[in-house]
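Each of the next two complexes has chain A plus one other chain: chain B in the first, chain C in the second.
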Partner chain A sequence: MKPSTRRRLFRAVLYVIFLVAVAALVIVADWETIATNFLDLGVAAEQFPTIITTAAKNVVIYTFIAFVGGLILGLTLALMKLSPVAPYRWVATAYIETFRGLPALLVIFGFAYAVPIAFTEWNPPGGSTGAGLIALIVVSAAYIAETIRAGIEAVPKGQVEAARSLGMRPSWTMISVVLPQAFRIITPPMTNELVIIIKDTSLLFIAGMALGDRELTTFARDAVSQHANSTPLVMAALLYLVITLPLTRLVARLERHNQRSR
Partner chain B sequence: MSSVLFEEPGPKTRARHRTWAVLGSIVILAFLALVILKLWTEGAITPDKWSFLTMPSILLGLFEALLSTLFAAAIAIVLSVVFGLIFAAGRLSRVAVIRWPSILVIEFFRAVPLLLLIFFIFLVYSDVLGALGSLVISLMLYNGSVLAEVFRAGILAVPKGQAEAGYAIGMNRGQVLRLIQLPQAIRTMLPAIISQCVVALKDTALGFTIAYPGFVREGELIFTSTLYNNPIAVGIVLAAVFIAINYSLSRLAVYLEGRQRAKMAGQQGMDQTASTTEATDANTGA
Partner chain C sequence: MSEYINRKDVPAIAVQDLHKYFGKNEVLKGIDFHVNQGEVVCVVGPSGSGKSTLLRCVNRLEEPTSGTIVVEGVDITDREIDLDRVRTKIGIVFQQFNLFPHLNVLKNLTLAQQRAKKRSKTEAADIARKNLAKVGLAGREESFPNQLSGGQQQRVAIARALSMDPDMMLFDEPTSALDPELVGDVLDVMRTLANEGMTMMVVTHEMGFAREVGDRLVFMDGGVVVEQGKPKEILAAPQHERTQGFLSKVL
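For the complex of A and B:
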């Protein structure tokens, strides 16, 4: 048999296996149970519009707060980690290693429950959800700081040298020459960071939330126990896809673009 | 520490740095002292709060819980790697019926929060899988999808000439993938693979939400008991253990990355262009 014939045969076999598998799945699966448990249109209709106006909106708001907060704190930490002053470097390293080593769940738990026990006068805006959001900022800052640091170090050395020999001060060199280039380099990993934060907002439920503060996962979970039906979880998954998929596609495109321009 | 940003400082700059170092240290130490003092006066870290550490039965319980967390993480990681390899190969396949389902699966499980996945699988399959099974399967689906992308990126980063050489000596596509591209991809991607393992280990803590008897759950049982009521002390112990494990794993990743870069520098004479481009890749990814 010629290799090309064999390859064609192999491919045909694969298609047949695929079709058989799909057919088997269609026949074996108990469509009635699946439809009533996961795709109950009545239950789905009841979730609107709150699932969009409250749950999905809160995901976006929480993500925005955590990302902007994390960006500001992360930039500070990255600059501290690259600082010529040793104690700042130590603090930044300790911070980053601590919060990258801890599960986000544990940090949110700590900020929402453990910290208020010791610091009774500490009263974050937004109650326990606010405390959870602060925890999310604290965690994301550690990851963002490492990303920004990598970006700053990836800026070619000649850029700094050129700016310095033009007489720019180190701080101005950083602001006007290094950081703009660094942020361009780290756009893809930063978008990934954003996607991770979107998904981590689901952990906020551990802080306990009021009805109007619920985000998608908590909302879906409550709806599941209310209707004794899993449809809301499927809807939540689809809504997360709607939010995150464009971003992951964007990352892929940016990465391809970067590769070409190199 | 060598930094691209700062040239060799002169005497004046050095003096300024010294001043800032002293001032910074004072501020930081004062802050830490304040926190510790506050914790002490509120009775959160007074000696009696640590007494659980002297109880052998509690220590044993914590240790067993840690083992069951590590056990779940280990199974999840092994399954994730297998899942990742299969789906990376699927996504690189030239056959559309294999490629498209693989892409669908990878993109779906990367986009959905792990917690939602755990809830879903636990809700639907808990009779069959139990808490451990639900947790492990969810972790496999999520981390496996991420690893599939890591493997794929690694395979695509292997210089084209390698695959072409394989075809030229008569290997078929499967052989080229298995014998030539994959070993090189795994070597370059080892740091990323290890950091994904750290992520999997940390995410095992989510088993807490479906009452898997893991480390976090055991900690909660201790501090909610009326006997101790010491969330801060228990939290510090849990955090210390997590940080110790994850920090040593990420050190391992850094070490492997450094070794690899050194190896690549050694190969420079052999394959100059390939190794230099890869070295810059490793730099930006650091």
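For the complex of A and C:
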């Protein structure tokens, strides 16, 4: 058999396997059960508008708080890790290694329940949800710090030398020359961080939430048990995609734009 | 002495018994070197002989291991010195240009003026435009570095250094990264600067430039100054064996 014939035959076999698998699914699947359990329009209608005005809105708000907080704390940690002062480096390294090594769920639980028991004066804004958000900031900062540090180190040494030899102080060199270039370099991994934070807001349920504080996953869980029907889960899934997909698209655009001036 | 005073009666650069180690590797082995004010000194020598290290020590981009470096009468190895202030007096042009890629040409030229010299935005822009015109790039303010040829980028880098009103300019192989057809424009700018009386230290492999423009030629090899003198004389009749060997390869 000629190699080209063999290749074509192989591809034909792959198509056949695919079609058989799809056909089997269609035949075996119980479409009626699926439709009533996951796509019940009556149950779906009942979720509006709260699933948008409360649950989805809260996802966006929590993500914003955790990302901005994580960015500020992460930048501080990254600069500490690159500091000439050794104790700063130790503290930053210990922090980063600790919180990257712990499950986010455990940290949220700790901030919401363990810390209030230990420190009675600990009284974060937003109650237990607020405590959970602080935990999200603390965890995301560890990852963001490593990303920013890698970005700073990826800026060529000649850039710092040029700025310093023009008489610019280290702080101005960092702010005006190094960080703008570092943030361009790390746009893709930072998007990943953002998407991870969006998804991690679903872990906040462990903090225990007031009704108005619920985000999508908690809201959907409650609705599922209330209606004994999984449609709210499908809706939550779609809404997560509605939030994350434009974001990844937008960042892809920004990246192309940055490429031009790099 | 920690106050920086611009004196015209002393050498621009005076280096004495400069040693520099990278780890155990002694790269500069007791350099005595000076540049008088208004003088153009070309430094030549084989790759790895320590030319860049010497140049970079002059504004402490590299920390000297021992020895003294006196810039316009001020010992810059003094811990108390305001190094940033000294650096604004010393313009440096690098082989790889090192323009800021995220800023357009105008911002490349105004950034340090505003940050280090505390000039107003309009004053900085005026000075930037004047220097861009000087290097033959008037009208390119809005371009980004990656939209320019290597020769244009290097001329922007020269204009950027000039915008700080330096007393001297240090060039580290400014044309070595350029395509041959772009070398001439950069050398022309440097020649103009020299004719205007700028104090210059030029590490270069362009022997033609050294002969025409240089007031003095310094030949380095193995971390020491082997020979120095008038460029025409050295290039025509090198005294030292190592100089002869080097020149026979590059000429």
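Of note:
Assume the second predicted complex is superposed on the first by the 245 of 262 C-alpha atoms of A that agree within 3 Å, B and C clash if a C-alpha of one lies under 4 Å from a C-alpha of the other, contacts with A are read in each partner's own complex, and residues count from 1 in each chain.
Convention: a residue touches a chain if its C-beta (ideal position, glycine included) is under 8 Å from a C-beta of that chain, and two chains touch if they have at least 3 such contacts.
Bear in mind that the values here come from a model prediction, so they are computed numbers and not experimental data.
Contact with both chain B and chain C is seen for A:164 once the two complexes are overlaid on the shared chain.
In the superposed pair of complexes, A:154 makes contact with chain B only, with no contact to chain C. Contacts of A:172 after superposition on the shared chain: chain C is touched, whereas chain B is not. Legend: residue contacts after superposition of the two complexes on their common chain; A:180 is shown touching chain C, with no touch to chain B.
When the shared chain is aligned, no partner comes close enough to touch A:27: not chain B, not chain C.
Within the superposed three-chain arrangement, the count of touched residues of chain A is higher for B, of the candidates chain B and chain C. Common to the chain B-facing and chain C-facing surfaces of chain A are residues 164.
Touching chain A in their complex are the following residues of chain B: 1, 3-7, 9, 17, 20-21, 24-25, 28, 38-39, 42, 44, 95, 97-98, 101, 107-108, 110-116, 119-120, 123-124, 172, 202-203, 205-206, 208-209, 216, 231-232, 235, 238-239, 242-247, 250, 283-286. Here chain C touches chain A in the complex through residues 59, 61, 84-85, 87-88, 90, 92, 94, 96, 98-102, 111-112, 115-117, 144, 146, 157, 160-161, 164, going by the rule given at the top. For chain A in complex with chain B, the residues that touch the partner chain are 3, 11, 14-15, 18, 37, 82, 84-89, 91, 97-98, 100-106, 109-110, 113-114, 117-120, 150, 152-155, 157, 160, 164, 170, 173-174, 178, 185, 195, 198-203, 205-206, 216-217, 220-221, 224, 230, 233-234, 236-237, 240-241, 244-245, 248. Contact residues on chain A toward chain C in their complex (touch as defined above): 156, 158-159, 161-169, 172, 176-177, 180-181, 184, 260-262.
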